[in-house]
Amino acid sequence: MEDNVLVQVQNLKMYFQSESSFSFNKKYIKAVDDVSFELFKGETFGLVGESGCGKSTLGRTILGLYKPNAGKVIFEGEDIVSLKNNRMKDMRKKMQLIFQDPSASLNPRKTIEDILNEPFHIHKVGSKVERKAKIKELMNRVGLSEYHLSRYPHEMSGGQKQRVGIARALTLNPKLIICDEPVSALDVSIQAQVINLLEDLQKEYDLTYLFISHNLSVVHHICNRVGVMYLGKLVETGSHADIYHNTQHPYAKALISAIPNTDPDQQKERILLKGDVPSPANPPSGCRFHTRCPEVTDLCSQAEPLLKEVFPGHFVACHGVE
Amino acid sequence: MLLRIMKNNFLFSIGIIVCSLWIVIALVAPLITPYSYLAQDLAHRFQAPSSLHWFGTDSIGRDVFSRVLMGSRISLIAGLATIILASFVGMIYGGIAGYIGGLTDEIMMRISEMVMAFPGIILAMTIAAALGPSLYNTLLAMAIIWWPNYARVMRSMVIANKENEYVEAAKSLGASHFRIFFNEILPNSVGPVLVLATLDFGNAILLFSGLSFLGLGSPPPTPEWGAMVADGVLNFNYWWIGTFPGLAILTMAVGTNFIGDSLRDFLDPRLRKEL
Amino acid sequence: MGLLKYIARRLFFLVFLVIGVSLVVFVISHSVPSDPVLANLSQRNIDNPEMVEAFKAKWGMDKPLYTQYFIYVGNLVQGDLGTSIRTQRPVLDDLQDYFPATIELAIFSIIIAIIFGMLFGIISAIKRNSAMDQLIRGISVLGVSVPSFWLGLMFLLLFYVHFGIAPGPGRISPYLKPPVEVTNLYVIDALLAGNWSLARDALWHLLLPGLVLGSFTMGLITRTTRSSLLEVMSLDFIRTARAKGLTEKMIIMRHALGNALIPVVTVIGIGFGNLLGGMVLVETIFAWPGIGQYAYKAAGNLDFPAIIGVSILISINYVVINLLVDILYGILDPRVRYH
Amino acid sequence: MSDDIGQDDLLRINNLNVQFRTSEGVFRAVRDVSISVRSGETLGIVGESGSGKSVTALSIMNLVPNPPGETSGEIIFNQQDLRELSAEEVRKIRGNEIAMIFQEPMTSLNPIHTCGKQIMEPLLLHKGFSKKEAKARALELLTMVGIPIPEQRFKEYPHQLSGGMRQRVMIAMALACRPKLLLADEPTTALDVTIQAQIMELLKNLRQEIDSAIIMITHDLGIITEMCDRVVVMYAGQVVESGPLKELIREPLHPYTEGLLRSIPTITREKLRLHTIEGTVPSPFEMPFGCSFQPRCNYSTSICSEKAPDLIHVSPDRAVRCWRQVNELGQD
Amino acid sequence: GVSKDAATKPEGSDGAKQLIMALDPDYETFDPGLAYEVYALLVLHPVYDTLMQFEDNLDAPIDGIAESHEVSKDGLTYTFKLHKGVKFASGNPLSAQDVKWSVERSINLKGNGAFLTDGIKSIETPDPDTVVFNLKEQDASFLTKLTYNAFGVIDSKLAMENGATNAADASTSDKAKLWFDTHSAGSGPYVIESYTPKVEVVLARNKNYWGEAPYYDKVVLKAISDPGTQLMMLEKGDIDIAFNLGPEHVKQIQDKPGIEIKKAQSMTLTFLLMNRDPKIGGPIANPDVQKAIRLALDYQGMQTIAGEGSITPVAPFQVGFLGTLPPRDPKTAQDIEKAKELMKKAGYEKGFKTTLEVATLAVEGMDLPTLAQKIQNDLLQIGIETEIKTSDIMVALDPYRKGTQALSLWYWGPDYPDPNTQLAFLPGNPVGLRANWTAAMNPQLVELGKKAAVEVDKAARVKNLEEIQKMMDEDSAFNVLLQHARHYATRDNIKGTDYIDLYKINLKNVSAK
């Protein structure tokens, strides 16, 4: 395995049971279905796709918050899916999560200081003084003042709360941060502040980001590599350039063409998809995208296309792409 | 907050006034009762209300007014005890069911539903008949009837809070179940349960008086309002014997319900639905 | 399909419920210090060991507890609820005799509660914060706060004794003969028999206990209707309706009320459950020969077959009512219907 | 103010003020807003969350809840001041001549009525259609907004439709009476990217077909760029800048507009560090003295924190609320 | 207020004469072989004829369906001649065989009243009009026992058709109980027309009745448990008899027109049990303390609570029975000074604490717990602090029977109207043992008791009984507090409603004035 791979995801499957446990015929929502990719050290990997396609689930499964039905998540050479409790707890220090909703991700009954102290408590690291120093440092780093420490989350603005969330993720010096739509709940003018902050922190602390978003402009701005998901499947992955400037999969094409453009002179033709995203509980046969695909062929509804490397480092799952 | 609500809400103000009044009465009752609530005077039994006996006298010549005042203590204590007992049990039960979820939750909730389906008053009567009526047994029976409500609310709060991202955050930090439950979920879930408890206070007093009306409360000569109404039914034509303790129950229940009702209006809608 | 499955599940739960309820009463009943033998034998017979033995053998009390329970459940499966120790009649027969009176009263009072509760609730919500609203809220809180046993006493004292405008206790006037038994609901039976004056008399006798019993539920319904209507009125689709140019009245009638009713239905279900609980008190005051009085006597006599019977009946009733409420829910709310 | 804009304006809002009395105090959600829309034109309103966009739109419909809201100013539609009309008269205009599409397709439809019924409602109410006519028109509308198998959807309840479908139903409902003015309050924000594209395409096409003026409210500058002829930028309850789309995008006059445009990542620009507007939107209860944007502004001078600037016209079509422009104009 | 339409009760819908009586009934069955509740005879006496009956007092039973009777010299054989030509309501003729069958069924059913038949050795029917009872031993109260429904004559043919049997295993094989609840098979003036539990029993005229026809076509017994309600209904004229009134209710209607208040001596006693076992009773077990308690109580006050007409017998023998001493004078019975002295003598000058157990129920309209509160109050004067422990009767019965109550308040109704039934209170006898009052504690009294049980000579009986009562006044584990009065009221346009403890009201005799 290459040295610079931080996380390797192999054939990961995460299914949810859709009915209650008393039911006789169980149904599954295949939120993540056979997904493989890797994260390189220090990069920002963007994960895009429509709502419900399994982005968050994938992120959380990688973190070990869900027990996957199949597959491996190899973090620094160790498969965390099979880890025992104690080892897992240690592992958690290396991976953190930043959430979409800054209000929901902070316990409303704790002060910011309590919230930032929590990771130290859980892992029993550092003395009181050390903790305090670290917290102060982080607060400064994310652009908050010390007097914020005694506040409660509801006394802060969305952007500030998101900064607290980021600071909490950084307390234990993680290597990987999974950012689950970290800016989509923020106002446009605040979005830019947070994105810049994330970029600065990455350099400073040598972080690897898995950046989940449905805003393709933001992903374009921040990510080195991108994966496009559709109904639990990864349909295309590649570098920034591969995905945005050499798009192969019809779904990815449509997605990118759908981004509204702020330049009134550069308006381009848009690829419109038919219909809605099918339910993940009942996905279409063959290629899951075939019901909406503008380039659909007979084969598509029968055989499921596999992820193929069409250019070096650029993988696509589509029958129409050679 | 209290004053602000009071300013705009007539009924709430009444509730606060009535309840404070009863609490004060309960605290100082022995000091302000004109007679001992036990003093019998067979020569003056069944006296109609007069300047001597404001609420008249009962079948053994005791002063109804003094007994009504003293009765406030028992009603308040009974209401409080039931609510505390039931909410404590319900909270733990519902919390566990909600947190563990899955089959455990399903089974635990079916059990609590069973208790809810069970005719509470019959259960209470059976328990009281079997163990003998006493304040303790009656409170026990009431708590047994009452806890599933709290379990239900607690469970749904825990389930809702379990989904919160800050819980996920704690999990991703490696917090233990114990820590997650007690540090993250519980503090955010007890609020509504406590609110429900306050709202329920009046109902608990009502149920208690109903049971003591049926003779399932503490033994005489304890001045229990429900039992006094029962005495009034026995001595039907001396209307004052039953009327005044009944009014006492009514005012106390109305007071707490006015407060509860208004508080409910001030709650956020998500909460209101639960209660 | 979904509905049938749901019903099947609830009925499945019923089986557990019956077993659970009977088990609970059984355990309570047989672990208590007092002995039903004493309650049901004369003092002379109690002193006679032979008589006591005969009694115990007759009621199966000589066998170990679990055997007794299995026998009981075995009979239960065949629809046999056992024989009441006190009345010495099959419990099922007793229940058939007492339950209709209770049901008649319960239905009557729930109807009163629904009509007035919803009416008050709607008015109160429309005239939010007006004096009218305050008044209605006051009444509804009064309704849930008044002890039924006391209200019953006051009603009788005032309307029956003092003013003589309401009929006295009982299901019909004492000098009348009950109608021929069909449903055992007197009003309906009298109507079936074409006896109008009897039907009126029976209906008239329902009034006071019905009001007393319904007051709590009425308060509950008023409160729920009001808050639910207010809440619905603040929802987005009401804004949509306004944007369409509908009048306030149309908005309330066509858009708000239907949605507001949904939680009210739940409360009606709860209310009906409460009614059966409150029965014991009201029936005592109004000499109403219903299940409440039966249960009261049974509990006092430790007549366990009867207690279990009543408990099972009321529990089943509770589940069935809830089932009906859920079905009604589906009718009112298409979102539930299709799930 | 904007008097120099012709009498042919379909809608003119003059000095609209909306304030809310809440338990925390009184605050002005909309301050001195003046906007005009011509027939057939699409006007975009952009601004951050809470800047008063929705409240402005709602006050046109006279739908600001009162209490707690209190509205003042003129809203002249078709030469009539809507605020002078009786409630009944306004009601006749609502849904008929002015219609509105809301942001949340999930909650803006009544869950217990079928979609068809809800579309027919304005027709029965305002146009006096018979049930049959209304149904025919409703099906026509459903087809128009691109719903496959309209007969089927007609009978279905909102929850049986996806978000995109529901938004189409909302649009069909709004268009039912062929309104002269359509208010679209963030019609695509709640939708997925590909669905958003569908709806935008639909609105674009309809704009040509139905010939009504549209006020498009959004916080996405991309959508504005694609759809609108003219743009109004709002900040903290005020209009800070307005003008024709291309001019405004190319040459923003207000520092906020400028900052906004530069802080949005786009796929046409490669990895440059994003420009940021420092600080946060002021709380409505603690509006800064003078210009509301002053604490966050890079060009702020002493006058900015002393005196609030007026909205001034730099050209017949463009207006801006900024001391810098006042000074520049003064120098001219 | 009194309503204007009082006493305008409409006649039954078919114009039949109808008597409506409200009571708080306790009957569970109308099977004459099983019924043993207080009100069972109210219903069963007018339905089933018995060999002996009481007319309007309990002095001595008179012939019922027996034309005459004869007792053998040794007092062991009783021969009864039946009235001739008597038919059951069904039309079947009544014969001696029916009498024998009925009594045997009662014996074998082992019901609550079966103990009344305990002394019978055998029954013979030499001819269709003659029944002969052979007893195991002399029984002074046998004729009285014959007035009970356990000896009610059943139409055996009809009963057997409906599942009844007199076989030895009748207690399990007899299936007629449910039938008897809603039907009747007697020869009395009334038949059971219908029975709705908790609602009413309707008696209708027996068209085949052999004796003088009763006045009313129908008698309706309404189950109305609440005395207040009964009172209201009587005032309104909805009912003719309100039977369960407390003394207080009666007072309230004293001046109301159209109502006649009735008062009678009930045979029910209320007494205080004081345990003689020091392990259980502690200080209570001391005879001096027991006597002190007797002296400390305010009988006048208690009689006020129990209502006018209530009295306090000196011993557990009811006034009205043969040989009972005159009751205490309530004005002088209380003597606190003497009681205190006795307490001092017993070594409890400072008093002590104990528990007073009481069942929650009303005795003849008087709430027992209320009386307990009065006693609590009185005992405080001699330093005895009591805590009242109420329990349901079912719960209280157990420790009562086992004799584990230190101090408790109980009531007693005679099993049959004869003083011999009261001998149970003597030391070593069942009730005496409930206070752990053993035979060894007062052998003299035990001796007297034994004599009284078998003595048939009236004068000797009286002397014996008086002796017993005097002794028990001096030394007894029981302190009789009250012999109650029965209060009820009727509309004033009816007569024949006098109280007779056995039947309550002899419905045969009620008629309009």
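In this document, chain identifiers A, B, C, D and E correspond to the written order of the chains, with residue numbering beginning at 1 in each.
Criterion: a residue touches a chain if its C-beta (ideal position, glycine included) is under 8 Å from a C-beta of that chain, and two chains touch if they have at least 3 such contacts.
Quick caveat, the model's predicted, so the values are computed rather than measured.
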For this session: Return the chains common to the contact lists of chain C and chain E.
Result: B
Exercise. Where the centre means the average of the CA atoms, what chain is farthest from chain D?
Worked result: E
For this session: Identify the chain pair with more contacting C-beta pairs: B-E or B-C.
Result: B-C
Problem set entry | Rounded Å distance between chain B and chain D, as computed from the means of their C-alpha atoms | 52
Exercise. Approximately how many whole Å separate the CA-defined centres of chain B and chain E?
Worked result: 43
Exercise. Just how far, in Å, is the C-alpha centre of chain C from the one of chain B?
Worked result: 22
Exercise. Taking each chain's centre as the mean position of its Cα atoms, how many Å separate chain C from chain D?
Worked result: 54
Exercise. Residues of chain B that touch two or more other chains: which are they?
Worked result: 128-131, 233, 236
Seminar exercise, completed: Multi-chain touching residues of chain A, meaning two or more other chains, are 22
For this session: Using the contact rule from the top, write out all pairs of chains that touch.
Result: A-B, A-D, B-C, B-E, C-D, C-E
Exercise. What does chain B use to touch chain E in their complex?
Worked result: 38, 40, 42, 45-46, 59-60, 128-133, 215, 219-221, 231, 233-238
For this session: Quick one: which bits of chain E touch chain C in the complex? Just the residue numbers, please.
Result: 1, 3, 5, 9-13, 18, 20, 22, 28-29, 34, 36, 110, 112-115, 171-172, 177-178, 181, 196-199, 220, 222-226, 228-229, 232-233, 235-236, 238-239, 392-395, 397-398, 401, 415, 430
Problem set entry | Residues of chain B touching chain A in the complex | 102-103, 106, 164-166, 168-176, 179, 183-184, 187-188
Problem set entry | Contacting residues of chain C [partner chain D, same complex] | 235-237, 239-247, 250, 254-255, 258-259, 332-335, 338
Exercise. Considering the complex alone, what residue numbers of chain D touch chain C?
Worked result: 61, 63, 91-96, 99-100, 102, 104, 107-113, 121-122, 125-126, 157, 159-160, 170, 173
